[in-house]
Amino acid sequence: MFERLLVDSQMALPILGWAILAILVLMIKICTRGVWLPLFATVIGLIGLIFYSATHLNSGAQDLFHGALKMDSSFYLFNLIGLGIHLAVVLMLIPGLERTSKIFKVSYEQFPELLICLLFSGFGLSVLIAASDLSTLFLGLETLSIGVYCLCGFYRTEIRSTESAFKYLMIGAFSTVLFLYGLAFVYGATGATNYSQIQSIIEQSHLAHQPLLMIAVAFLIAAFAFKLAFVPFHLYVPDVYEGAPTPITAYLATVIKVGVIAAAFKVFWGFFGSLADYWEPFWMTLCVLSILLGNILALQQKTLKKLLAYSSISHSGFLGLAMVLTHPGVGTTYPLMAYLVVYSAVTLGLFSSISFLENREQVFLVEDLKGLGQKRFWTALFIGIFILALAGLPPFAGFMIKFWILEALIEQHHIGVAIAAICGSVIGAAYYLRILMLMFMSEEQGSASEWVVLKDRLYVLRLIVFLAAILSLVGGMRPQLYADWILSALALK
Amino acid sequence: MADLKLLAALCVLIPLVGSTLWFWLGARFGEKVVSIGAVTFLVASFLCMLGMFFGVHEAARVDFFEWIRISSNASVHFSFLLDPLSLTLGLIVTGVGSLIHVYATGYMKGDPSFGRFFSYLNLFIFSMLMLVLSDSLVGLFLGWEGVGLCSYLLISFWFSEEANAIAGKKAFVVNRIGDFGFLIAIFALFQVFGTVSIPDILSAIHLGNLTADQMFWSKIACFGLILGASGKSAQIPLHIWLPDAMAGPTPVSALIHAATMVTAGVYLICRLQPLFLLNGGSLEIIAYMGGLTALFAASVAIFQNDIKKVLAYSTISQLGYMFLAVGLGAPVAAYFHLMTHAFFKALLFLGAGSVIHGLHHEQNMHKMGGLRKQMPITFWAMTVGVLAIAGIPPLSGFVSKDEILHTVSTSGRTALSVMAFLTAFMTAFYMGRLWVLTFFGKFRGHHEADESPLSMTFVLVTLAILSALGGLLNWPELWGGHELLNEFLSSVVVQKKIEISSEAFHHSLLLAGFSSLLGLAGLGLAWLRYRNFSGKEFEAPVFNLFKKKYYIDELYDIAIVRNLKQIGWILWKGVDGLCIDGFLNGLGTGTTRLANRLRGMQTGLAQQYAVWVWIGFLLLLFGAWTVR
Amino acid sequence: MENSQIVFFIFSALILVTAGLVAFRPRPVESAMWLILNFFLTAGLYVLLGSHFVAVIQVLVYAGAIMVLFVFVILLLNLDPRELGTDSSVSWGSLILFVAFLSFILLSLHVTTPELLEKMPPIKAGSTFGTVEALSKTLLTDYIFGFEMAGVILLLAIMGVGLLAYRKINNPRIVNGSERP
Amino acid sequence: MLNENYLLVLFLFPFFSTLIVALSRHRAAAWVSVAMAFAFFVLTLIGFQVHELRYSATWFGNLKYGLYLDSYSYFLILLSAFLTLISLFYSVRVIKEKVAAYHALFHALQATVVGSLLCDDLVFFYIFWEAMLIPMYFIIGIWGGPRRKYATLKFFLFTFAGSLLMLIGLITTYVIYFQQTGTWSASFQTLRDYFHMNPMNFEIQKWIFLSFVLSFAIKIPLFPFHTWLPDAHVEAPTAGSVILAGVLLKMGTYGLMRFAIPLFHESAEYFAGALCFLSVVGIILGALVAWRQTDIKKLIAYSSVSHLGFITLGIFMMTEAGWNGAYLQMLNHGLSTGALFLLVGFLYDQTHTRDIQAYGGLAKSLPWFALVTVIIALSSIALPGTNGFVGEFLILLGSFQSKVASNGWVILAGVGVILGAVYMLHLVQKLLYGKSHSEKLKDFGWREWVFYVPLVILVFAIGIFPEWILGPVREKTTAMFNLFSTFAAR
Amino acid sequence: MNVSIAHLLFLSFGVFCIGGAGFLMRRNALSLLICLELMLSAVNIAFVSFSRLHQNESGNLLYFLVITVAACESAVGLALILNFFRLKKNIRLDEATTLKG
C-alpha cells in the first residue's frame, strides 16, 4: 500500500511539484535573507516544471490516490497553461522590486511569502484541474481561492488592495458555502464522492433522488458562475480587479478561469453528463447574459481595470460556452483550450503593458490613456494590439478562438446563442474602440502620458508583452503555432 | 466602300479633333487662328458629307468597331447608316453649321473664351453628326446626349451669370427626362427585337409576326421615344427649357436651338417611322402634341418682348408643325419644313443676333425700333426670313408650311386643322410684330446701332437666299414642280402621294390662297398695331395668361421641383436622420443608458454584491423547480 | 412520537434559535458566544446521527479552538459601536429576509418528495459507522490525498496571514490610494 | 507564362511593402511608399493576360489557404492598386504628420483588400474582410476631421455587426457541408460545386443568404444600411475617402457576385424583388438627398449610395448583361468617385472648407480644374462616351430582360438617371459657375496632372473601348450563368 | 433516529438561511465571519446527515475538510480584518467602498 502511494506520488509529480517547489522556496526564505534567492528558485523551479510537464504531455490517463486525482490529456494541458501563467505573473511582479514608493517598498519586503502563496495557489489550481473526487475538488478550489485572497491583499499598507482582498474573501467564502452545499447534495443523492462512482450511480439508478441532484446543480452552477464571474454573480469582479495589484489582476483574470473552467468541465461533463439536457440551458443562459451584459456594462466604466474586468466577464461567457461545447462525443476540448491559451496570453500581455504605466498613487482612469499614442507610441501600439485581439478582430488570434467557438456552437445547433454572442461582440467592440480612440485619436494628453514609466531593467515585462503580441498577431494568421500543439496534446490529431 | 468609311470617319472626327484643339490651344493661338481653323474644319466636314451624299446610292452602312457587346449574339457597334434621311440632315448640320461658324467668328470677337466657344461648337457638330449618322439606337443616343451636353455647355457659356448656369442646367435636366424615355425605349426595343441596330429593327418590323407581348413592348418603346423626342424638340410638356436656353450666345441659339438639335426629335420619329406606324395611336398622340404645341407657343410668342424669346417660341411652334405633319403620316413634309425652317429660323436668329450685336446686347424689342436705316443688310435679310416664316409665297416657308397645312386639312381632323390655321395666322402676326418693332418706328433704345461686320452679314445674305429659294427643293408636283426631296426620301419613309388631279389642284390652290391670306392678314395687323408703337401692349386678363407662358414653369416648379426638394429634405432629415440614424443612435444611447443604470449596481458594498449572488442563485433554484 | 424524534425536534429548535441569536445580536462577542452554544447543540445533533467522533471534533476543534480565535480577535480589537457600524436599514433587511425565506421555501419544496420523507434506515447491526476506527481508515486510504491537502492548505493560510498581517514597527500606517473625481 | 507563384507574390507583396514603409524613415517614408505602390501596380499589370490562376496550401486544420485569381478579382485588384497609388501620391504633399504610419496603413489596407479578393477559402476571405476595417478605422480616426470619433465608431460597428452575422452564415454553410459529406472544406469552389449538385434545404439557405447579403449590404452600402457612409466620408482624409469609395465599397458588391449569389442563387432569385426594391430606393434616395447637401463630400457620398444602387440592381436582377454592367460599373464608380474626392481634396487643401456655398465661379480661376471636374461629373452621370454610360446602360438593359423581378424597377431606376443629372449639375453649377468669390486659388500643377491625366484617359478609354475589360469579365459571367441555368434545368 | 432526511435538510436550510441573512445584513466584518461559520455549520449538518443516510464515512470526512478550510478562511479573514482596521480604523463593511463606481 505504501508502495502504491509512492508510485502515485511519483506519477503526480506535475501536481505535487507545485507544493514541493513552494515548500522549497519557503525553506530558502527561512534560511536566507533578501528576496532574490527565493525569486530565482521560483523562476527556475517553474521553468523546470514547465519542461517536465511539456515532456510528459502524452502520458495517458491515470487514476491516482484512490481515484482522488485523475490526470488525463486535458489535465496536462491545463496544468501547462497554469504553469505558464504563473511564470508570467512572477516575472510581472519583478519590476515592482525596483519601485521606490512606500507601498511597494513595504510590500515587497514580503515578496518571498507572496511567491509561496502564489505557488501554493498554483498547487491548488493543479489539484482543482486534476480533481476527480469531491473532496479534492473542494480542497483544490479553496487552496486556489485562499491563495488568491492573500495575493490580492499584497499591498497591505494600501487601502485599495486590502479592501479588494477583504471583499473578495467575504463574498468568496459566501460562494464557498454555495459550492459546498452543491457537493453535499451530490453526495447526498449518490452516496459517493468519487466522480466515476457518482457517474455510474446516476446513470444506473436513472436519476435516483432527482430533486437532490437538481438542487445540487443549482448550487454548483451558482458557485461556478460566481468563480467565473457570470452575470449576475459578477459584481465583486470589478472591485477586486480594481484594487488588486496589477500583476495579480492578470493572475485573477487568467488562473481562476483556467482552474474553474477545467473543474466545471469535469463536473458537468463528468458525472453530470447524463443531466446535460437539464443544466445546459441554465449554463448557456448565464453565459449569454455575461457576454451581453458584461459588454454593456463595460461601456461606461471610468477606470481602466474595471473596464478590463468587464471585458474578462464577457470572455468568461465565451469560455463557459466553450465548456458546454466540449460535449463528449459531439465536440472537442479544442476550442476551450485554444481560447484559454490565447485569452491568457493576451490578458497577460495587456496587463503587462498596463503595469508599465501604472502608478499606484492614482486610480488609472480610462481617460488617462488619452494621447498615449503620441507620447509613448510603442506601449500604445502593444496595448492596441491586445485590445484588438480581445475584441476578436481578425487577423489577431482573438478572432480565431471566437471563430472556433462559433463554429462549434453552430455545429451543435446553438445558432441563437451564436447570434447573441455576436451581438455581445459588437457591443464589446464599442468600448475596445474607445480605448483605441483615446490612445490614437485624441490630441489632448491624458495623465498616463506623464506618469513615470516602470523601469524594466531585466526586460521581463517587455519579454511577456513581446511574446504575447507575437502570439496574438501571428497566432491569428497562422494558428498552427499553438493549434497543432494543442491538438496533439489533446490527442485529437 | 473604303473611301466611304474614311469620309465618314473624317467627317465626324474633324470636328472632334477641332474641339479638343480649340479648347487646349485656343488661348495660345489667338482668335484669328481659331476662327480660321474652326471654319476650315467645319467646311472640311461639310465637304466630306457632300462626298458621301454623292457617293452613296440608296443606303450604306459603315461599320467601325464593336463598342459594347451585350451578349454573345447582340452587340452595339460604332457604325453609321448613310441613307437619304441621315445624309440630308447631315448636310444641313454641316452646311448651316459652317455658315454659323462663320457668323460666330464675327459675333464672338473679343470674347475672352473665344477658343472655348468654338471648341463647344465643334463638339456639338460632332455629337449632332453622331446622332444623325449612327445606325444603332445606342450610337444615336450617344449623339443625343452629346448634343444635350453641348447645349448645356453653350447655354451656360457665360457662366458668371448665375441665371445662365441655371438655364443650362434646366435644359440638360429636362432633356434628361426625355433621354430617360429614350433609354426605356431602347430597352423595350431590345426586349422585342434583341438588337439595337436601327436597320435590323426596321427589317424585323417589316417581317411582322409580332406577338401580343412584343406589341406591348413596342408600344412602350413608342411612348418612350415620344417622350425623348418631345424633350429634345421642346414639345409640350417638355418645352420649358427652350426659351430659357436663349441665355446662350445667339449663334448657339441659331445653330442648336433652331436649326439642328431641336429637330432631332423629328428626325428620330422619321427614322423609326415604321415602328410608329405599327402603333397607330402613338402617331395620333404625336399629331395632337404637335398641334397643341404649335398653337400654344405661337400664342405665347405674341407677348414676348425679348427678341430671342419670340424666336424661341416661334421655334417651338414651328417644331409643333413638324410633329403635326409626322403624326399625320407626312414625314416628308415634316422633313421639308425642318429643312426650310433650318434656313429661315437660322436666318432670323442670326439677324436678331446681328441686331443684338449692333445694340450691344440689348434684347428687348421695346428698346429697338427704326433700325432699318442703320442696319440695312440685316433688315433686308430679316425681311426675307419674316416673310418666309409667315408663309408668303413663293418663299420656302410658304411651300413647306403649305404642304403641312394640306396634310392637315385632308386628314379630316377639324380640331387639328383649326389649330394649324390659327397658328399660321398668329405666326404671321408675331413675326410682323417683331419686324415692325425692330426695324420701324422710332428708335427707343440708348445705344447707337451699327451694321454688323462682313462675316455676319455675308452669312445673313447667304441664308436669306436659301430661305427664299429653299422651297424649290420640294416644289409640289401639283404646281408643276419636282418633288426632289420626296423622291429622295421615298426609300426611307412612307408618305402618301398626293394624286395629281384637277380637283386636288383646285383644293391646294384654295388652301394656298387661304394660308397666304392668313399670313398677309397677320403681317398687316401687326403693321397696323405696331407701326406707331408707344410701349403699350394688348391688355386683357386672358393675355396675361399668354404673357406668363400659361404659368407652366411655375406649375412645374410647385408641382415637381419643390416637391422633390421637399422629399429630398424629408429623406435626408427624416428617413436617414430621424429613422435610421435615430434608431441606431437610439440603440447606442439606449445601451449606454442601460450601461449607466447597471453601473449603479457597483456600489462598492460587498454585501449588496452578495445579495445579487443570492438572487442569482434563487433564480437558478426557481428554474430548477420549474423545470422539474 | 418517539423519544429520539422529540429530542431531535428540541435540538433543532434550539439550534435554530441560537442561530438566530448568532445572526442578529448586535455585538460580535455575543454572536460568538451564541455560536459556541450553537456548535455544542449541533454536536448533540451529530451524536443523535451516530457520528460520535464528528461530534467530539465539533466541540474540541470547532467550538473550542476556532471560536476562541474569534473571541480573541474580537477582544484584541476591542471595538466601540462606531467602529463596528450600525446594522442595515429596515428595507434592506426585509429584502434579504424575504430572499432568504424564499430560498428556504424553494429548497424545502425541492426535498419534499415522498422518497426523501421516508425515515432513515437504522444503522445496521455490526456496522462501524461513526466510529473513530472507520473514520480513520477511510481517511488514510481513500482520502489520503485530501488529508495531506488539508495540511497544505493550513500551511498556506499561515503563509497568507504572514503575508498580510506582518508589520514592522516603523512602517507607515496608512497610505491611501487617493480617490479622484 | 505566369504560374501560381505569381499569385503568392501578388498576395504577399502588400504585406511586404507595409513592413518596408512602416520601418522607413520619416522623410523618405512617403516616397518609399509611393514607389512600393507603383511597384505593386506594375506587378498587377503583369497579370493582365491571366485568365485563371489557383494556388492552394494548407493553412490550418480544415482550412485551406486557397488563392484564386480570375477576371472578377483581377480588375478590382488593378483598381485597388491604381487608386492606392494615386491616393498615396496625392498624400505625399498633404500629409505631414506621422507619415510612415499613414502610408503603412494604406499598404496594410491594400494587403487586406488584395487578400480578400484573392481568397478562395471563405474563412480566409472573411478574415481579410474584417481585417480591412482596422486600417481604415485608423486612417479615418487619426487623420480625419473633427467628428471622426463618431464617424469611425459608426462605420466600424455598423460593418462589424454585419460581417459577424455573415460569419455565422458562413460557418453554417461549411458545417452543413461537413455534416453532409464528412469532410471539412471552406473552399468556395468546393462548396459551390457541392451545393450545386446537392442543394441545401431552402429554409436554411434563405437565412444564410440573408446573413451574407446583410453583411455585404452594409459594406456596399444598400439602403437602409447606408447612413454610415456620409459620416465616414465627411470625416475621412481625402485619400481615405478615395479608397473607401473606390475600393472598399466594391468589396460588398464583389462579395455578392463572387460568394453570396453563386452559392445561393435560388435564394437570390427568391429575394430578388425585395432586394431590387431596396436598390431602387437607394438610387432615388441617394440622388434626392445628394441634391440637398451643402457639404460637397456628403453630396458625393450620397451619390455613391445612388450609384451603388444601380450596381446592386444589376446584380440582383440576375441577368448576364446586368452582371457585366454591374462589374464594369464597380470599376467606373471607383474611378469617377475616387477622382471626385481627389478634386474636392484639391479644393479643400487650399480653402479648408467643404461648404458648397463657399465656392462659385471656379471655372474662371481654375479652368483646368473645371475641365476635369466636368469630365468626371459627366462620367458620373453616365454620359454616353464616358465609362459610366457603358456600365449603367448594360445594367439597365440587362435588368430590363430579367425574369426574376419586375422590370418596373428598371423604369424607376431610370428616374435615378434623371436625378443623377440633377444633383451632379447642381454641384457643377455651384462650384464652377456663377460669380467667382475665391480668386487666390492655384490651378493644377504637375503633381495633379500626373494622376488626373490617366484618370481622364481611363474615363474615355473605358467609355469607348470597354471590351478590354468587358471581354474577360463576360467569360466569367457566362460560365457562372451556365451553371445557374443547368441548375434550373434540373 | 427516526426522522427523515428531509427533516434534517430543513434544519440545515434553516440554519443556512438564517446565517445567510445575517451575513447579508450585518455591517461589521467580524459578525460577517461569524455568520459565515454558521452557514458552514449548516453545510456540515447536511454532510453528516447524508453520511448517516448512506451509512458511509465520506460525509463525515468532508466535514473534517470543511472545518479545516473554515479555519483557514477565518484565519486569513481575521488577518485581513486586522489590516483593514489598521488602515481605516474601523471594520465596517459599508465603509469599504473605496473601489465603487
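Each chain carries a letter (A, B, C, D and E) given by its place in the written order, and its residues are counted from 1.
In the analysis below, a residue touches a chain if its C-beta (ideal position, glycine included) is under 8 Å from a C-beta of that chain, and two chains touch if they have at least 3 such contacts.
All values derive from a computational prediction rather than experimental measurement.
Contacts with chain B and chain E are shared by A, C. Counted as hops between touching chains, the shortest connection from chain A to chain E is 1.
The chain with its C-alpha centre at the largest distance from the centre of chain E is B. Counting C-beta pairs in contact across A-D and across A-C gives the higher total for A-C. Chain D has its Cα centroid nearest to the centroid of all protein Cα atoms in the structure.
Centroid analysis (C-alpha atoms only) places B farthest from chain A. For this pair, chain A with chain C, the centres built from the Cα atoms lie 30 Å apart. One simple way to say how far apart two chains are is to compare their mean CA positions; for chain B and chain D this gives 37 Å. Between chain C and chain E, the centres computed from C-alpha atoms are 5 Å apart. With centres taken as mean Cα positions, chain C sits 101 Å from chain B. Shared interface positions of chain C, i.e. residues touching 2 or more other chains, are given as 96, 100, 103, 107, 110-111, 116, 142-143, 146, 150, 153, 156-157, 160, 164-165, 173-174, 176-177, 179. Within chain A, the positions touching two or more other chains are listed as 135, 139, 142, 146, 149-150, 153, 156-160, 165-167, 170, 174, 211, 214-215, 238-239, 306, 430. The chain pairs satisfying the stated touch condition come to A-B, A-C, A-D, A-E, B-C, B-D, B-E, C-E. Contact residues on chain A toward chain B in their complex (touch as defined above): 166-167, 170-171, 174-175, 178, 210-211, 214-215, 217-219, 221-222, 225-226, 232-233, 235-236, 238-239, 278, 282, 293, 296-301, 306, 427, 430. On the chain D side of its complex with chain A, the touching residues are 59-61, 123, 126-128, 130-131, 133-134, 137-138, 141-142, 144, 148-149, 152-153, 156-157, 160-161, 164-165, 167-168, 171-172, 175, 178-179. Those residues of chain C whose C-beta lies close enough to touch chain E in the complex are 2, 4-5, 8, 12, 15-16, 19-20, 22-24, 28, 31-32, 35, 38-39, 42, 45-46, 48-51, 53-54, 57-58, 61-62, 65-67, 69-70, 73-74, 76-77, 79, 82-88, 92-93, 96-97, 100-101, 103-104, 107-108, 111-112, 116-121, 123-124, 127, 129-130, 134-135, 137-139, 142-143, 146, 150, 153-154, 156-158, 160-161, 164-165, 167, 173-174, 176-177, 179. Listed in rising order, the residues of chain C touching chain B in the complex are 95-96, 99-100, 102-103, 106-107, 109-110.
Of all residues in chain B, those touching chain D in their complex are 23, 65-72, 78, 138, 141-142, 144-146, 149, 152, 156, 159-162, 164-166, 168-169, 172-173, 176-177, 179-180, 183-184, 186-188, 190-191, 564-565, 567-569, 571-572, 575-576, 579-581, 584.
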